[in-house]
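For reference, the structures are reproduced in the following blocks.
Across the two complexes that follow, chain A remains constant while its partner is chain B and subsequently chain C.
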Partner chain A sequence: MIRMLENLDRRWIFLAMALCVSVPILVIGLTGVTFPETPTPLAEAFFDEVDRAGEANGRRANVLIALDYDPASAGELSPMSLSLVNQCAQKGHRMYFISLWPVGPQMIEESIDKVIKRFYPDLVYGQDYVNLGFKAGSEQVIKVMGIDLTTEFRTDVEGTMLSQIPMMEGITSLEDFDLIAEISAGYPGSKEWVLYAATQYDIPLVSGMTGVQAPQNYPYYPTQLKGLLGAIKGAAEYEFIVNDYVREARVRSILAANGIDEETSLGLSKQLDQISTWTTSAEAASMSPAAKAELIDVATGATPGEFLEGQRRMGPQLFAHLLMVLLIILGNLVFFAQRRRGGSA
Partner chain B sequence: MQILTRSIPLFITAVAGIVMILSAFFPYTSDWGKFAGQFFNILAAFAFVLGGGNLLKLHLKKISDQRPGWAYSGVVLVCFIVTLFVGLLKIGAYPNPTYPSVHFGGETQGSGSMFWWFYEYAFKPLTSTMFAMLAFYVASAAFRAFRAKNFEAILLLGTAFVVLLGRTFAGVLATGWIPPDSAFSGLRLENLSVYVMQVFNTAGTRAIMIGIALGIASTSMKILLGIDRSFLGSGD
Partner chain C sequence: MSSSASEPMTPAQRAIWAIVCLSILVIVVVRSFIGDGMGRVYVEPKPMDFVAEVTTSTENASESTTSWKQVSTVEFDAYVSANGYTNTISWTEYDQVPPRAYFAQEAAGGGSIVLSWPRTIGLWLAAFFTLAIFSFLYRDNPFYKFAESVVVGVSAGYWMVVGFWDTIVPNLLQRLMPVFSKDYLTPGMELPPGGFDPTNLVFLIPLVLGIMLVGRLLPKCGWLSLWPLAFIVGTMAGLRMVGYIESDILSQTKETVIPLYVQGENTSSNFMMIWSTIWASLAQILLVIGVLACLVYFFFSVEHKGAVGKTARVGIWYLMITFGAAFGFTVMGRIALLAARVEFLFDDWMWLIDPMQQREFISASVGLLF
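Let's look at the complex of A and B:
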């Protein structure tokens, strides 16, 4: 056995890794079953910070969303972006998209197409969200935005002057934003936003990042970074919280539109499995059959696939990690066997 | 010539550096930082041109010398020139909806444009594939290189197991029997991995960051004062 492991062709390892990743993808794709997630305080802090943005000013929050990554890291980071936009759109925040990465605009387009245009078609470009696109210059862009945003961004991504975009009124520098939400895959990324925006101007900053970056950013939490999502695990946890929040908010919205009092509405939104039974009760008599059907659909219907990507990707990650642990153990068995024989290790 | 090659660059460096320091500490001078930033952006634009020129020079030389792998250089140059051509001339870009009559007013990377096509069907799958291949190399390295040779390596291995298992559902399966509200809940792998990251990792990273920051500050001072001139490339 040990002899066989000593001479193991690495292509067997590659095959094992391919199976560990591809089989869970296929199984989860076919069954839709995902592992349950327990959100950590970091993911909860990220959600809470986005949730309470702008509360102190008593108006809709201006949230600067910086998507600083490319397709190489999209597997890890795209689920975070989609859930972030989902939460902001549901909450009614104004979203200002920018990127310091050359292919960032495509990441922005993806988030807008998959979330806003599909699930929030009522949101108006220029009033509820704007895409300012990519700007070269890395941290220098952040520094100049801190002083005068219009020096760096004169138009949006389509070439429309910022002065003609309604939601840009009153936005002159970074200090006019209630929150900066940043999804980062490296340089320039979360560290630069911490150093040149959050620290200097005391603006709340939350960041999602790749697993490689996360250890370097933990020291900034919770003072400079109010929330931190690390890798696909962080994405899955955040996705889990946001999906619950969106479902509950929509249930409350339908109940409020049908004249149901706030206390009942709040209680029902926390017991979604009771909604179907509740619609047959006397309390729901004022609701039309169509409204009841919509309520049941929102409360118990399947979550759209776009908002399950993080949780789905935890499946391949589980088996890939287990394989890694197994390989480390086997590698060390070989090492100790060789050492016992007095061979080179 | 010493004035052009040494004195003027040193003067520009000192002035730009001091302006940036002042703009960070004195609100009255914050606009100076903005101007310095604008100059930086202009210089960065020239750096793009220099970078492109350097890329052409290196790969043309490799092709000309027929060095091993010269065909790859040919692929790089063709891709570079075609992408540059398509991007600069905005080939296939739709007109700007606000200013439809303005030439070159459309978005270069807009959906459906040729640049978008390159991104969607070449850049995106290629970069994703490159990144995904890391999983195979990491797995191979785990088998061949991650050895418990000494005490430090054993510590590293133990930490790796905690984080690898704690960041997945395996952690819950392995230690889920420990009640979450008990005094031992910290020993659940998912909690232990958070503890490792937030305490041990933060302490180590913070020490490294402070060291790096002090190093940057002292090196920057040496550059601003003209003591370190290595950036001039003269070997001083």
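Let's look at the complex of A and C:
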């Protein structure tokens, strides 16, 4: 057995890894079942910071969303972007998209198409969200934006002058934003936003990042980074929180539209698992049958596949990690067996 | 432990891998004949018709402004039949729609949704390049070499175009030659009063420095590039020094000078309060010990013996745990990327799974296979 392991062709390991990843994807893709997620304080902090953005100033929040990644990292980071845009759109924040990566504008377009255009068609470009596109210059762009944003960004991605975009009125520098939310795949990314925006101008910053970057950014939490999403695990946790939040917010808006007071609707929206009970009780007595049907549909309907990407990818993670653990144990067994025989390790 | 991919394979290994590759090919061929096929992209044409609206100034009849109003196809046809194509612009945009919409349209007896050949070919090319890159796991081969060369070439071309349109045009040409830029490059830009802002002459300096940097390409003028390089290095060093001192030294030092005793959350249970106090205080103590131990490990002016050696040893343990966490995160990241590509192959290309509910008809038929 040990002899066989010593001479094992590494391609068998590749094949085992391919099976560990592809079989769970097939099973999850066909059944739609994902593993349950328990959000950690880091993901909760990210969500809370986005949720309360603008509250201190008593206005609709201006959120600068920097998507600093390319398709090579989209598998890890795209779920974070989609959930971030979903939360901001549901909350009613104004979204200003930018990117310090050349392929970033395509990632912005993808987030806008998949979330805003599909699920929030009422949002108006130029009033609720704007795509400022890519700017070359890495951290120097951040530095200049801290002084005068219009020096770097004179037009949006389509070439429209910023002076003609209503939501750009009053936005002159980074300090006019209530929050910077950044999704990063490397340089320039989280580190540069911490260095030149969060620390120097004391602007709240939350960041989602690849697994490779996460350990070096942990020291910045919670002072310089108010929330941190590390790798696909962070994305899945955040996705889970945002999906719950969006579902509850939609239930509350239906209840409010049907004359249920805010306090009651807040309590009811926390009991979605008992919706078939409370829609027939006194609290929802005033609602029409059509409104109740809509309410039950929103509360129990399937979450769109776009907002389950991260949670779906945690399935293959489990089996691939188990394989890795097994391989590390086997590797050590071979190592000690060789040493016992007096061979070179 | 393992043989290198460049070493020749045994006949048995060769047979096994041939079976694996053949199996993939058979699955793809069989899959393409099941249900509604695979790997197709559908689009819906969306006409974009605009008619010019000329507004004459109330104060000066010779002054007029032109704005473009989007109209419906019916309105556009009526306008064209009355006035001809003068003062009109029209084009067609193609929005991608889920295959489900196409099948529903066909069931209802036809409509405007059509198969997009360019996007379908693009999808198959993406699948081919994904498999070509994966084929390197088997061994180096012409497919991998081809895919690698295409990535390098496309990236270089993309960077060049992006560099021109996102850096040279807005940061240089629009400032030094605004009228030329508006006429030939970016018609949407606003001209400064008088057509030129004299303060923008300062942008001649980066122009000259940029030309000097290109001097590296000429053997006799290579020395010219040293000045702009010195400028770049000096600027970046200054910029980063300030940033790092403020963020990584001052702020991080402040965050490390913390009380070792932390009062836990005030809960109704005394046990929970004591527990959270112990836990929070322990975290603070471990943090301070970790920082000091790692600093001692990197302090090489004193020999690592006795107390210093033991503290440095603790520092090594902290570093090892950090490296382990970094490795774990890296593995997680790489597997997520692999999962995303496999999802692309199974979902967009082979139509085996349907997590986005794009092809309900197909997923139902394929689901029966499993």
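Assume the second predicted complex is superposed on the first by the 343 of 345 C-alpha atoms of A that agree within 3 Å, B and C clash if a C-alpha of one lies under 4 Å from a C-alpha of the other, contacts with A are read in each partner's own complex, and residues count from 1 in each chain.
As a convention for this text, contacts are C-beta pairs under 8 Å (C-beta built on N, C-alpha and C of every residue); 3 or more make two chains touch, one makes a residue touch a chain.
Fair warning: this is a prediction, and the values are worked out from it, not measured in the lab.
In the superposition on chain A, contact of A:10 is made with both chain B and chain C. Look at A:279: by the touch rule set out above, it reaches neither chain B nor chain C. Looking at the shared chain after the overlay, A:269 reaches neither chain B nor chain C.
By the document's definition of touching, of the two partners only chain C reaches A:26; chain B does not.
Legend: residue contacts after superposition of the two complexes on their common chain; A:321 is shown touching both chain B and chain C.
Within the superposed three-chain model, A:200 lies in touch with chain B and with chain C [touch as defined at top]. In the overlay built on the shared chain, the residue A:70 is in contact with chain B alone; chain C does not reach it. In the superposed model, A:109 lies in contact with chain B only, and not with chain C.
Once chain A of one complex is fitted onto chain A of the other, the partner contacts of A:148 are limited to chain B, with no touch recorded for chain C. Once both structures are placed on chain A, chain A residues 8, 10, 13-14, 17-18, 21, 72-75, 103, 136-137, 140, 143, 158-160, 200, 214-216, 219, 230-231, 233, 317, 320-321, 324, 331 are touched by chain B and, in the other complex, by chain C.
Of all residues in chain B, those touching chain A in their complex are 24, 30-31, 33-34, 37-38, 40-41, 44-45, 48, 96-99, 105-107, 109-111, 116, 119, 123-124, 127-128, 130-132, 135-136, 138-140, 142-149, 157, 160-161, 164-165, 167-170, 172, 190, 194, 197-198, 201-202, 205-206, 209.
Against chain B, in their complex, chain A makes its touches with residues 8, 10, 13-14, 16-18, 21, 35-36, 38, 40-42, 70-75, 103, 105-106, 109, 136-137, 140-141, 143-144, 147-148, 151, 157-160, 164, 200, 214-216, 218-219, 221, 230-231, 233, 314, 317-318, 320-325, 327-328, 330-332, 335, 345.
Here chain A touches chain C in the complex through residues 5-11, 13-15, 17-18, 21-22, 25-26, 28-30, 32, 72-76, 78, 102-103, 133-137, 139-140, 143, 154-155, 158-161, 163, 194-196, 198-200, 210-212, 214-216, 219, 223-224, 230-233, 302, 304-306, 308-309, 312-313, 316-317, 320-321, 324, 331, 334, going by the rule given at the top.
Chain C meets chain A in the complex at residues 1-3, 5, 9, 13, 17, 20, 137-138, 158-159, 162-163, 166-167, 170, 186, 188-190, 239-240, 243-244, 246-248, 251-252, 255, 322, 325-326, 328-343, 346-347, 352-357, 363, 366-367, 370.
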